Every structure is written in structure tokens, then in C-alpha cells.
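Going in written order, the chains are labelled A, B and C, and every chain counts its residues from 1.
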Amino acid sequence: MRFLFKTGYEQDVRLFQHSGQVVSYGLLALLLFSAPWWAGDYVMSQLHFICIYAIVGFGLMMLVGFTGQISLGHAAFLAVGAYTEALMQAAGVPFVISIACSALFAGIAGIIVGLPALRLKGIYLAISTLAFNVIVEEIITRWESLTGGNSGKHLKPVELFGIKLDTDADFYYLCLALTVLCGLACVNLLRSPTGRAFVAIRDSEISASCLGVHLARYKTMSFAFSAALTGVGGALYAHKLAFISPEQFSLLVSIELVTIVILGGIGFLHGAVLGSVFLIVLPQLIAIAKDFLPSGQVPTGLQAVVFGLILILFIIFEPLGLYGRWLKVRTWFQLFPFYRKGMFRRQKSYMKSERLR
Amino acid sequence: MSFFKVEGLGIRFGGVVAVDNVSFEVQRGEVFTIIGPNGAGKTTIFNLIGLLYPASSGRILYEDRELAGLAPHRVAELGIARTFQNIELFEHATVLQNLLIGRHRHRSTSLWQELVFAPAVRRAEVAHREAVEKVIDFLELAKVRDTLVVGLPYGIRKVVELGRALATDPKLLLLDEPSSGLNPEETDDMAFWIEDIKKHLGITVLMVEHDMNLVSRVSDRVLALNMGAAIAEGTPAEVQAHPKVIEAYLGAPV
Amino acid sequence: MLSQILQLLVAGVAQGCVYALVALGFVLIYKATETVNFAQGDVMMLGAFFALTASVTMGWPYWATILFAVLVMAVVGMLTERLVLRPVLGHPSFTVVMITIGVGYVMRGVVTMVPGWGTDTYQIPTPYVDQVWKLGGVILPVQQLMVIVLTAALCGVLYLFFRFTRIGIAMQATSQNQLAAYYMGIPVRRVNMLIWGISAGVAAFAGILLAPATFVHSNMGFIGLKAFPAAVVGGFGSVPGSIVGGLIIGVVEALAGFYLPEGFKDVAAYVVVLIVLLVWPSGIFGETIRKKV
């Protein structure tokens, strides 16, 4: 069992709270850095996706898990990022600038969505984001002169400072670097006043505003930041698939993104990574399981059923998500044999309507 | 220059007149209490001062400056802090984080600095923590500093609520029923703290309270309300002996 | 010109009635439990499939299949509440919404896996489907008129139910304060289960009314997605609001499909909802959500 004795304020503010964390994150870094050597082509390809979804997951987690807003339309920001990247690369803009622009334009889209969100709460906000997603998807489909409509757009591999990143390993390091940077940005925000303001808005808007938190500014900031990160993910997504078309940014994709956040564990940044790993690994598991089925035939609805069942079972039995389960396991080992069963139990609450007539 | 003045404040909710032409003035450095039976409009006055909703009539002047039309967060930036009757803490954060959010109005770093955690941000964080530690010492919250609020008992939550308001470094502190739900010992502690807030921290306190002992002990002046209108104002002893106040609480003699 | 507009209006109102019924289902559940059921469209789809089976496979007359589908879906709705939603009673509303999304996925997946159903498109034999009514110079399909009449009838029945029965009043109580409702002796969990049953039955009814227009297939539920803007436009906690919202969306869609370029019809509902929310953040008849401190 580890006891943390803090003797200075610096220790509270530090990134790594104790040496154990340095060791474990160091090992993880080593593992990830050496991936091109131990991972096969297929695993490398999946790692690309995991990084991309992790970046989007960070963005969505900041908005949903830490600021308490709802977004059922994040695929729209993904689309903005992806198409910005595609169009700029076609125009010959260097990658560093085009990806910054993906983030910027997605961020602006985030502000556009965030502004009405100031007056909208709960289901009204959810439906607005949903409506935004559908409208953006339709605009992309109809504005054929710009986006190529349903025929989509093709992308060439990333060219960074003159070097073509056209191998799996090159693209992997780019994704990994961006994932780490985005994660750091999130962590830094969370340990500074802005991040605390987000959490305040999540838990009690009224007292947050009575403490000096400018609700409008911070909600919009949260949407913009979340959208900007998603835009970066979108740009990488576009390069990964080398071809983008409107149906890749539909409502179903938005819902998948939200499930990343829920399955991973709302309220924990690690949850974004765990959730995206799970989302990528799940279809592989289903494909493997299909081989064991007696008929050998592939029932089309199975993936949807498994996906839905997992979502339901997780929310009922493990509301803290994958990271929550990891925390419980780790605490069990740390406190052994003093772990008590009710340590992470949620306090039961009864529904009380906040609607006023 | 007056410190805090309310003139002719009134609000109606539909046909119900919740606050009816209430005026009072709070001097700098005093403890001013508003008393009255339930439903007299005391918390509504607080909500009006905090600009949670706009008044139908009247003015609120803070250091001779009209507060109407400001957003609630601007009121906090001017140095007015409040606690809530039903405790509005940030449940899924620790006590320390709750108090640190109270420091928000003293924020000096920009978003871009925070994204990269510049040295300025690090220094500011340490400064915030020092300031918050003083509040923690004052209210003896050190034991629960790193506990999530959701697991704390009611009495401690009230103290955390007070601490969060103090962490904003206010000039005027609005306390909404600070002793409700507290046992006699905790109420005693609360009385000591309010006295210390007035004497050592120099903060003006505007309070709504039911517990007459606490009111008599810490207040300099008292305003009695009934059915949204002011019925008496003066020292605690004067107000408690006032016939209209007795009638409001106990009824008229038959 | 006038006859054209009239025909468009009737078509719009008929489609709007279907949206209104699905929206009504949402609002019933929301009023009772403050939960949003994202699976409502898929419940509708499942109801249509049950009606299909009763009608085609078992050869029952049309009105019997309606009754069958509504009753079966009512049971499915109650089971869903019992198995999936009751364990999460009291969880934050966002996670409950996600659970209903999961339920939707399961329903869609199961429907595509059932041998007789799968991913094909089917038609339910409807008695009045090809008849038309000639009114002056206007040709009105009887099918659309039947939708409007049946919807109105169902709304009337539900209105009487909620206004004059104890269960209706109990539902209003549980929606405002669960703990207090418990203390008053209201069997909250049973009431919630009943509400889900009614809501699912209404959705099944909507599915059957929709079937002649869109045919029965596993992605039918996405039409139910447009009922969300309908419910929001009317104000999410309001029963008359859901009807009004549904009709508005239906009519706007019909007009947009005719007068505006291609593609606007699909997004019309969503544009309308954004515009409405700009002016009325809680919908037209909506209740403001504001915490009392």
C-alpha cells in the first residue's frame, strides 16, 4: 500500500503523483514506441484507429465527462476536420498548417454548436446536436462542387516537412505523437482553473456562476476545445482511410463515439483510450466468435445485438466503465486484504423533477 | 459612499408578491441578519441580490453601483459571495477542488498558457493552493481535504459551502441559513466562525437565519420580514421585542 | 393550385400523425420517468413486424393484427422496463438514454436475425390502401385519412385515461417526485412499467399506420428518429405539444418535398427544430427546466 505524504503545493500540481506512476507510464511508452517491431501489419492498422479514436475520445470526454454537456452529433466535427484536411491537401497546403486548420475550423463549428447550447439543457441540447449532425451530413452530400458529394474525396499520404509518411510505422508515430499531445493538453486543462470551471459547470451550474464562472464563455470553450480535438482526429481519420464520403459521418458514428466515452468510463481521461481500444477490438472478437457458431454462417444482426447488449450490461453493472473496473481491481490489490465491497458504490438517488411549470 | 443598499426591492411570481418594497442598508464590517417566518421571502431576496433572476422593481446598490442587469458571475467578480440554503456543492469533486473553484475570480492565466501548463500557470496554482489552505485551516477542514463531497455528512458540507464562499475572498458574504440542519455544537462553531469572519477577516456578513440564539449572538442589526414586506429593523433585542414581529411568529393576542 | 396544396396538407398531416404518435410515446415516458427513450422508433418497427407476422403468416384479419401487435408490444415494453430500466432507476439521465440506445441496437439486430424477417422489405395487406376519396376536385387517399382519424381516436382515449383514471394521476405524481410518490403509496415501479407498456403499444400502433407508406423493414425505426424533433418542437414534457410538433414537422416536410430542391425534405425536420429552439428553448409548450435554490 502506498501512502502519499505531500509536503509542498508543488507535489499536488505535478503531473505524476508518485514514482510508481512514472514507472508504469514509462513502460507503456516503451511498449507503444516499439510497436512497429513487435506488432504485425494488422495490429499496426488497428493501432492507427485506436489512436485516432482516442483523440476524438479525449475531446468528447472533456465535453461530456467533465463539462456535463451532451453531444449526439460529434461526427459532424469529425467531418469538418476530415474534409478540411482533404481539401487543403488537394490545394497543396503543408500538413502542419492543414491539420491546424482542421482543428481551427472544427473548433469554430464547435462554437456554432455551443452558442445555442447556452440556453438549451438536457434533451433539447441532445436533439440540437443531433440535428446539427444530420444537417452537416446533408450539406456535405449536396455541396458537390466542394466536397465531391457522394463520390467522396481521396487523400494522398501525409507529407510532413517534405518526408512522405507512407509506411504504417511512419503514420503510427504521427498518430501516437498527436495522441500524446492531445492527452497532455487535456490533462493540463484539467489541473488548471479552466478545467475546474468545466467540472463546476457539470456539477452545479448555479453555484458555478455564483462563484464567478462565466457560464457562456466556458461552455462555448468546452464545445470548441472538444470539437477542435475531434477535428484533429478527423484529419488523421481521413488520411487513414485515404477516402472520405458523407456516410462515414452519420448519426450512427456519433453514437459510436459516445459509446467510447461511456464504455471507457465517464469522468476519466483514461476512459477515452480504453473505450476506443474496446470499440476497435469488439468487431474482431465478434468475427472470431462467428467461427465458433454451428452454422458457420454470418448472421448480419449479430454485431448490433452484441454492441447493444454490451452497452446495456455495462451501464447496469459497471457504470464507471472499463476504467472504473480497472480502478476497483487496482484498489483491491492495493488494499489487500482490506478491500470492502461497497467502496465504489453509488449513492442511490431518487428522481426529482427539475421541471417547473 | 454606502457599502450595500437595497431600495424598494420587489418581485412577483405571477400573482404572488414574494418580496414587497423591501429597503435596508448594510454598513461595512457589520453582521446584518434577515429573519422571518418561512415563506417570508428571505431566500428570494438573496436570489435577487445574486441576480439569479431579475427583480420586478427596486434597486440594489453595491458600493453605490447598480447591480441590476449584471450576470451572476459578474456579481461574484465584484466581491459578493453566497452560500445556498440547500447546499450546492460540486458533488463529484474533492473538498480541495471545491475550494479551488472558489478562487476562480482571481484567475490570472489564459487558456493558451493553461494548455501547455506554462510556468506562470504553475506559480498561479501554488498561489491558489496557499490561499485555499488558509481557509482550510480557518474552518478546520484539513481532515477532509481530499475527500469527495458526495461522501461527506451534512454538517461538514455546510462548512465546505462556507469555505468555498470564503475562498473567493469576498467583501460581502451572503449566508443563507448557515445553521439549518446543524446540531448545537456545530451551531456554536458556526457562531465563532461568523464572529471571526467579521473581526479578523473584515468581511461584511448579510445573513438569513432562523436560530434566534445565533442571531442575537452574532448580529449587529436585524431586519424582520413577513409575507415579503419589512416589519421591523434594529438591534436584535429591539426587533425581538417588537410587537409586529411577535405577532408574525406567534400570532396576535386574542 | 389549391387542390395541390390541400393534397400536400393532408399528406403532411397524415405523416405528421405518425410522428405525433411516436413523439407521444416519448413524451409519456419522459413525463413519467424523465427518461428519453431513443429506442422508440425501433419499438415501432418491431410492432410493425409483429403485425406483419399476424397478418401474413397467421392470416388474421387487419383489425385483429392491430390489436395483437399493440398488445404484444405492450408486453415487450413492460419487459424492457422491468429488465433493463429498473436496475438503473436513479442513475443520471444521460446514462439511461444510452441504455435505451443499446436497446434499440438489440431490437434492430434481433429483427435482422429472425428467420422470417431479416433485412427484406415487406408489405402488410391493408384493407383501404388503394382507395381514394374524391372531394370536389381533390383526390385524397383514404389511407392518409384513416391515419388521421385513427390517431385522433387514440389521442382521445389516452386523454380520457390520464385525466380521469387514478393511474393517470399517479403517473403525473411519479414524474414529479419519485420519493414523495413512494411515500404516498403509489407503486412507482409498477406505474413505470405500465407507462412503458402504454408507450410501446402506441408506438406499435404508429408502426402499423406507417406501414402502408414506407413498408416494413428493419431500418424503419429511423423514421422514428424524426419524431424527436417533433417532440422537442412541441415541448418535450407536453402531450398536446407532441401532437402539435408532429403535425408541424409532417406538414413542413410535405411542403419542403414539393417546393424545395432535393435533399431539403430529409433535413426539414431538423432545421425546423433548430429554428424553434432558438426562439423557445424549451419547445412551444415546453416546461422550463430550472433548479430551485
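Of note:
By definition in this document, contacts are C-beta pairs under 8 Å (C-beta built on N, C-alpha and C of every residue); 3 or more make two chains touch, one makes a residue touch a chain.
Source: prediction; values computed, not measured.
Closest chain to the protein centre (all Cα atoms averaged), using per-chain Cα means: A. With every chain reduced to the mean of its CA atoms, the largest distance from chain C is reached by B. Among all pairs of chains, A-C has the largest number of C-beta pairs in contact.
Each chain gets a centre from the mean of its Cα atoms; for chain A and chain C, those two points are 32 Å apart. If you average the Cα atoms of chain B and of chain C, the two centres end up 48 Å apart. Centres computed as Cα averages put chain A at a distance of 40 Å from chain B. Looking at chain B, residues 52, 84, 88 sit in touch with two or more other chains. Shared interface positions of chain C, defined as residues touching 2 or more other chains, are 293. Counting partner chains per residue, chain A shows two or more touched chains at residues 206. Contacts from chain A toward chain C in the complex involve residues 64, 70, 116, 119-124, 126-128, 130-132, 134-135, 138, 141-142, 205-206, 251, 255, 258-259, 262, 266, 299-312, 315-316, 319, 346, 348-357. Chain contact summary for the complex, chain A toward chain B: residues 9-10, 12-13, 185, 188-189, 191-197, 199-200, 202-204, 206-215, 221, 267, 347. On the side of chain B, the complex with chain A involves touching residues 50, 52, 71-73, 75-77, 81-82, 84, 88-93, 97, 100-105, 107, 109, 111, 114-117, 121-122, 124-126, 128-130, 133, 150, 164, 168.
The part of chain C that touches chain A in the complex is made up of residues 30, 33-34, 36, 84, 87-91, 93-99, 101-113, 118-119, 175-179, 182, 218, 225, 228-229, 232, 236-237, 263, 266-267, 270-271, 273-274, 277-278, 281-283, 286-293.
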